[in-house]
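What follows is a group of structures, each given as structure tokens.
One chain, chain A, links the two complexes that follow: it is found with chain B in the first and with chain C in the second.
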Partner chain A sequence: MTRTRKPGISRRTTLALMGAGAASLATPWVAHAQAKTIKIGMPTILSGRVAQLGTSSRNGVMIEVEKVNAAGGFAGRQIEMVVRDSKGQPQEAARVARELVNTDGCEILIDAEASSGAFAVHEVARDLGVLCIHTNSETSSLTADPKQHIPNAFRTARQGVHDSIAGGSYAAAIAKAKGLKKWATCAPDYAYGRDTTGEYTTYLKRFAPDIEIISESWPKLFQPDYTEVVTKILQAKPQALYTCLWGGDLTSYIDQANIYALFSQMEVFAVNMADYTALTVVKNLPKGIHSGNRYIKTYPATAENAAWGDAYKAKYNEYPTNWSWENATAIMLLAEASKKANSADGKKIAEALKGLKIKSPFGADGTVTMRAEDNTLVGYAIGWGTTIPQEPYVPEVKPGDWKTILELEAEWKKSKGYT
Partner chain B sequence: MDLDALTGCLVTSACLVTQTTSGLIIGMLLFLVAVGLTLIFGVLKVVNFSHGAFYMFGAYFAMTAYQATGSFALAMLAGAIGTAIIGLVFERGFMSRVYGRDVLMQLLVCYAFVLIFDDVVRMIWGPEFKSMGMPAAFQVVPLFIAGGVVPPYYLLLIGVALAAALVLGLGLARTRIGKVIRAAAHNPGMVSALGINTGLIYGGVFALGGGLAGLAGALAAPVRSLTPGMGFSVLIESFIVTVIGGMGSILGALVGALLIGLIRSFGSLGFPLFTEGLMYLFMVIVLVSRPSGLFGKEVA
Partner chain C sequence: MSELQAGQGTALDVRADTKSTRYRDVLIALAAFVILALLPAFTGSKFLLDFVIRCAAYGLFATSLNLLVGYTGLTSFGHGMFFGLGAYGFGLMMQKAGVSVPVAFVSTLLIVLVFAAVIGAICVRLKEIYFAFVTLAFQMLIHSTILSWVSFTGGDQGLRGGIPRPPFLGIDLSNHLHLYVFSCALLVLGLLLMRQIAQSPFGYTLRMIRDNATRASFVGIDVYRAKLTIFVLAALFASVGGMIMALFVSGAYPEFAYWTISGEGIFINMLGGVTTFLGPMVGTVLLLILNDTVTRLTEYHGIVLGIVILFFAIGLRKGLMDFAWEWYVQRRDAAKERG
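This part shows the complex of A and B:
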């Protein structure tokens, strides 16, 4: 039997006509929307154990959106935020992101997911070509790996490798001054804990080569009891301990280590300590824990930063988190780029964002820059200091040196085969 | 694997003392949760999957009472009694309706309440984690026994849990109420025919089991962070304990819990990457050699 083509409209043509019809139906709606508001979609984690990530991210965005809208929005168009819960599941984050663009008509995405979800949303942005700002994922490869690179995605979060270089050089200086040679590590057993600890110890040993890691502990994420980990570290008798436990895990660990007087027996370096989420919750914060700055309103020690932290506290009745400033920065950068491009169009904003330097309360020198070569934020405040049990919690922060950070980052990229 | 560290520890008194107490406190807290689970199963013949929620409520009640009154003793009482009341209401209002029904039905009710209780906590205390803080009386230098480190708070914790185990064991074995409870576990029909209100017994046992989990939560509150959903992590380990010790056996729960605690504390030295796995491995060995648990009665 042979198939012959019947006269009339073919199936292919019919499909094309239907597509055109749908497009023409859709067009007036888009035009209508453009005259009014611009919708920004925001998938984030609003439920479950790390719901704080989502709520403080949303707060950080909203406080800036209100300012931008009061000043006329993006090129005259008022911003309307559409925030959705991904429940912390990557596949749900991807689904929500797609729906926000395709069904809700969002023209820009703010991806406020943890790293696992961020890579999923990144693929959606690649597929749909929509402008996407990653605000929470600190995993270095998201922007450093050229395979991940797309022109429409940017990151306004810290980057893991920056923190490791700054933290490693700070710790090495103290190790040399105090003769801390034997180190122990304790980190949650998942990608973030393993990667961060690996990078940190690499740079620690680079700056102070005679350091030795004598004990490693990898408790589960969200483990309720760390007693056996605490006592194991006590047995090993290290001179210093590095930990990247965070949030409730870190506060549990501190409470449990406190009653073993662990903090009086070794120097402790906890990269995630100096964030208000942990600082304000721990009741008996030991003096003298070394920590990186996540967000504190006293560093950078400028009037702008203090005012921003206080305004946030006044509005939401709690202090901002690390995620708050990272998300606020996304809106600040978008607003400036839209002004520069004199447009609310995603493509034009993306072009204007490349290499854009803006004034920022969170900048190490009062400015932050969206680096053109890999679309990631540089120049943000990064430093380490020691804790005291009451405000300002970390009275003196030793700033990280961005010149060193950038040099070593370039070297790291080369070693990874990224450049 | 780091067998040198393990053998090295076993021959050093300092390390032995520290790791043993560390194993004991993990074990005793686990016992308080598991014993309620096993008691409820023994008498009511239901597996209470929402038991972790009682541990969570105990911790939150204790924190609230401590913040309001500043008294540690009141905080512990509030944790235990408040949770017992919730246990009673939960049993009379909901669980009592599904006795004798399909296991899946009971599971569904329990699971629904796991979610509901978590959300209730979220609504009352908020989604972010909290910390109760160590009472000033216990913020002291740890004791050094034979070179090992023992925090005084943990001595109290072990003492309270041991006392609870003793009172419970003696109460069930020696008192009239204990006898009635054991009789109700054995033959509820006959007990009720003798004019004893079995509904009251069931409610009481559930309240007791819940109260013990609440006490565990209250004792843990000064050292563990409080979050909605915190009950889930202890629930899994409590099930392992009851499976090892034998469902329905109080002595089994005690021995099982202590074994798990010691496996954790010494396992983290010898098998740092396999500590979790060791617990499950141990459970498998027990199940294969004694399917009804170490102290469980053989099922005919």
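This part shows the complex of A and C:
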């Protein structure tokens, strides 16, 4: 009896191929480690309600990565970005971050997550020891709390407590000049809204002690209808209103409050107004809303900042967001640190980052600094001004005083038991 | 041989039969555990180990949900609350009380037991859509509590600062490999226990309640008590899944107790099928593979996953394991007919 061989691949060959396939799948990072390019992993939110956070963060990173690559990359190694969606879920952010490092061979993480996702990625950085730059979380405790501190994690975002001090002192000055004693607050009902409002009013009262909060509103995050909030505030008849609503919530609020002519009856302080995502979407932007600068290309009023904003607009056909500059800053700092360390190694870059001061279009004095004591960004542009309905939207911005900010921040840290 | 004796004979046969199935199940479980535990010796892929840990967390959760949906006919839309409670209970216990891992594990189970008993006592009286909606309402209540009780739970930022894991009995859960083996052990043990519940007389009582509750109560079964018992048991297994997830991400987040987790559980059951015991486990592996590959390839993963759901819900009208099982039964019967 003769055995005939079927044409095609034999079982043995198939097994051998499968084995080889499994082996190559299992050990991809060995090849990556010696590769010339350096991979940077970026977990962020690219889908859902705040997808704009992810896309504008990615844009901010890419515009700088192209410049760095054109200039030779990190110590001669070209940068390859691996950006992946976490859907805004912390467990997905943790998973994606681990996958980026363990499977894709990323040697640096840029954590462009919001709120809880940033803390989840922080734990991954603690576990894997990989260099990690938090670019979007403004929660102060992420870097201020010594329990959170790890030597391989840094933050290039603005910080809640800095904004509150700058905003509080600005508002107090106006309150004194105009005699605004009765205040109302309106903030989204979640940690950011509660914390920011609490800190802001603390500093407001500290600079102007005779101020009184007569009404508080806590609409739900992503609430579509603000009628009852608007009428409640109008009935309380405050002289001034503070709000930290943001994005779509802020624009719907303004559109709805416009119907009741709220803005002609009180001074409004909206910390998140001066961001193009809000400024360009509001139907009738009222004149004279006080706002902190999120990102605006006219402040700092330098040629570098204007050029950066225009280049971004030319490339992506929209203006940058607050997240864009924060993520761009991460790449700028990394590039400078890698130059200083003359290396693309995460550990060496981390050492070089500590206390590093770089030239930056987003600096209050043309520079920003990675503060060595708690690995967080200081010296970025922070200021307040009032709106007009057309470009440049916030023509004059009064800069916050970094000396005061740093003094009061140190005091705040002490009161929280952080130092 | 009298009729009585004959009746006893069959009862004994059945008992011997269940005993042999039980041995078979234990053997399969042991074999599965050995294979999983040896996996790291053959591959250095941390990705694969992460994948199995996540499968353990979601697999326990989904299989426990199937005890309610598939075996008892209770479609819970709020099962995720026990996943979240497990994660938070364990995380808080480790962070605030500073106890050892086994103590935190057991006390979390006790806490979940109390919650599930109270919530179950209210919910299992209701039928179908009312049951589904009241479980959902309780889930939202727990989710909102986690969100608003900032000083205790950390609010929407979750439990921060990592979960400490002091070594116990030579097991160090901050070591990735130890965590992996530990999760595998919990998964296999959990599945084995749930399998025993499903195959026990109690398990058959549940199927009877699912098929005809009125008839069950006429036979003398306390339907309410049986439903409550399985509700609490399922909650306990779901909370073990939550604890594994908390260990994996070293934290607990409100999303763990949100309705989307319950939704994922239901989706896993649809993918894998609810008529076989391992259906949800297969569904878990499928969903995680789908999720991981699709999110790698495109930002529009929502569309892809949606199409897959539609395909299973409208096209197949059953899960993957249901198909596999039917195919197997058909072949077996055909073989029998041929002699």
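In this text, the second predicted complex is superposed on the first by the 384 of 419 C-alpha atoms of A that agree within 3 Å, B and C clash if a C-alpha of one lies under 4 Å from a C-alpha of the other, contacts with A are read in each partner's own complex, and residues count from 1 in each chain.
Here is the rule we use: a residue touches a chain if its C-beta (ideal position, glycine included) is under 8 Å from a C-beta of that chain, and two chains touch if they have at least 3 such contacts.
Keep in mind that this is a model prediction, so the values were computed, not measured.
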| item | value |
| --- | --- |
| Superposed partners chain B and chain C on chain A - clash or fit | fit |
| Which of chain B and chain C A:302 touches, first, second, both or neither | neither |
| A:141 touches, of chain B and chain C: first, second, both or neither? | second |
| Touching partner for A:37 - first (chain B), second (chain C), both, neither | neither |
| First (chain B), second (chain C), both or neither touched by A:220 | first |
| Which of chain B and chain C A:78 touches, first, second, both or neither | neither |
| Which superposed partner A:251 touches (first chain B, second chain C, both, neither) | first |
| Which superposed partner A:69 touches (first chain B, second chain C, both, neither) | neither |
| Partner chain(s) touched by A:90 [first = chain B, second = chain C, both, neither] | second |
| Distance in angstrom between the closest Cα atoms of chain C and chain B, superposition on A | 6 |
| Common interface positions of chain A, toward chain B and toward chain C | 47 |
| Chain A-touching residues of chain C, taken from the complex the two chains share | 43-48, 50, 54, 147, 150, 154-158, 160-162, 174, 176, 245, 248-251, 253-256, 260, 292, 295-296, 299-302 |
| Of chain A, residues touching chain C in the complex | 22, 25-27, 46-47, 84-85, 87, 89-92, 94-96, 98-99, 102-103, 115-116, 119-120, 123, 126-127, 139, 141, 145, 147-148, 190-192, 194 |
| Footprint of chain B on chain A - complex, ascending | 47-49, 51-52, 55, 216-218, 220, 222-225, 227-232, 234-235, 247-249, 251-252, 255-256, 258-261, 277, 281-284 |
| Of chain B, residues touching chain A in the complex | 5, 9, 15, 18-19, 22-23, 25-26, 29, 127-134, 138-139, 141-142, 149, 151-154, 220, 222-225, 227-230, 233-234, 264-265, 267-269, 272-273, 275-276 |
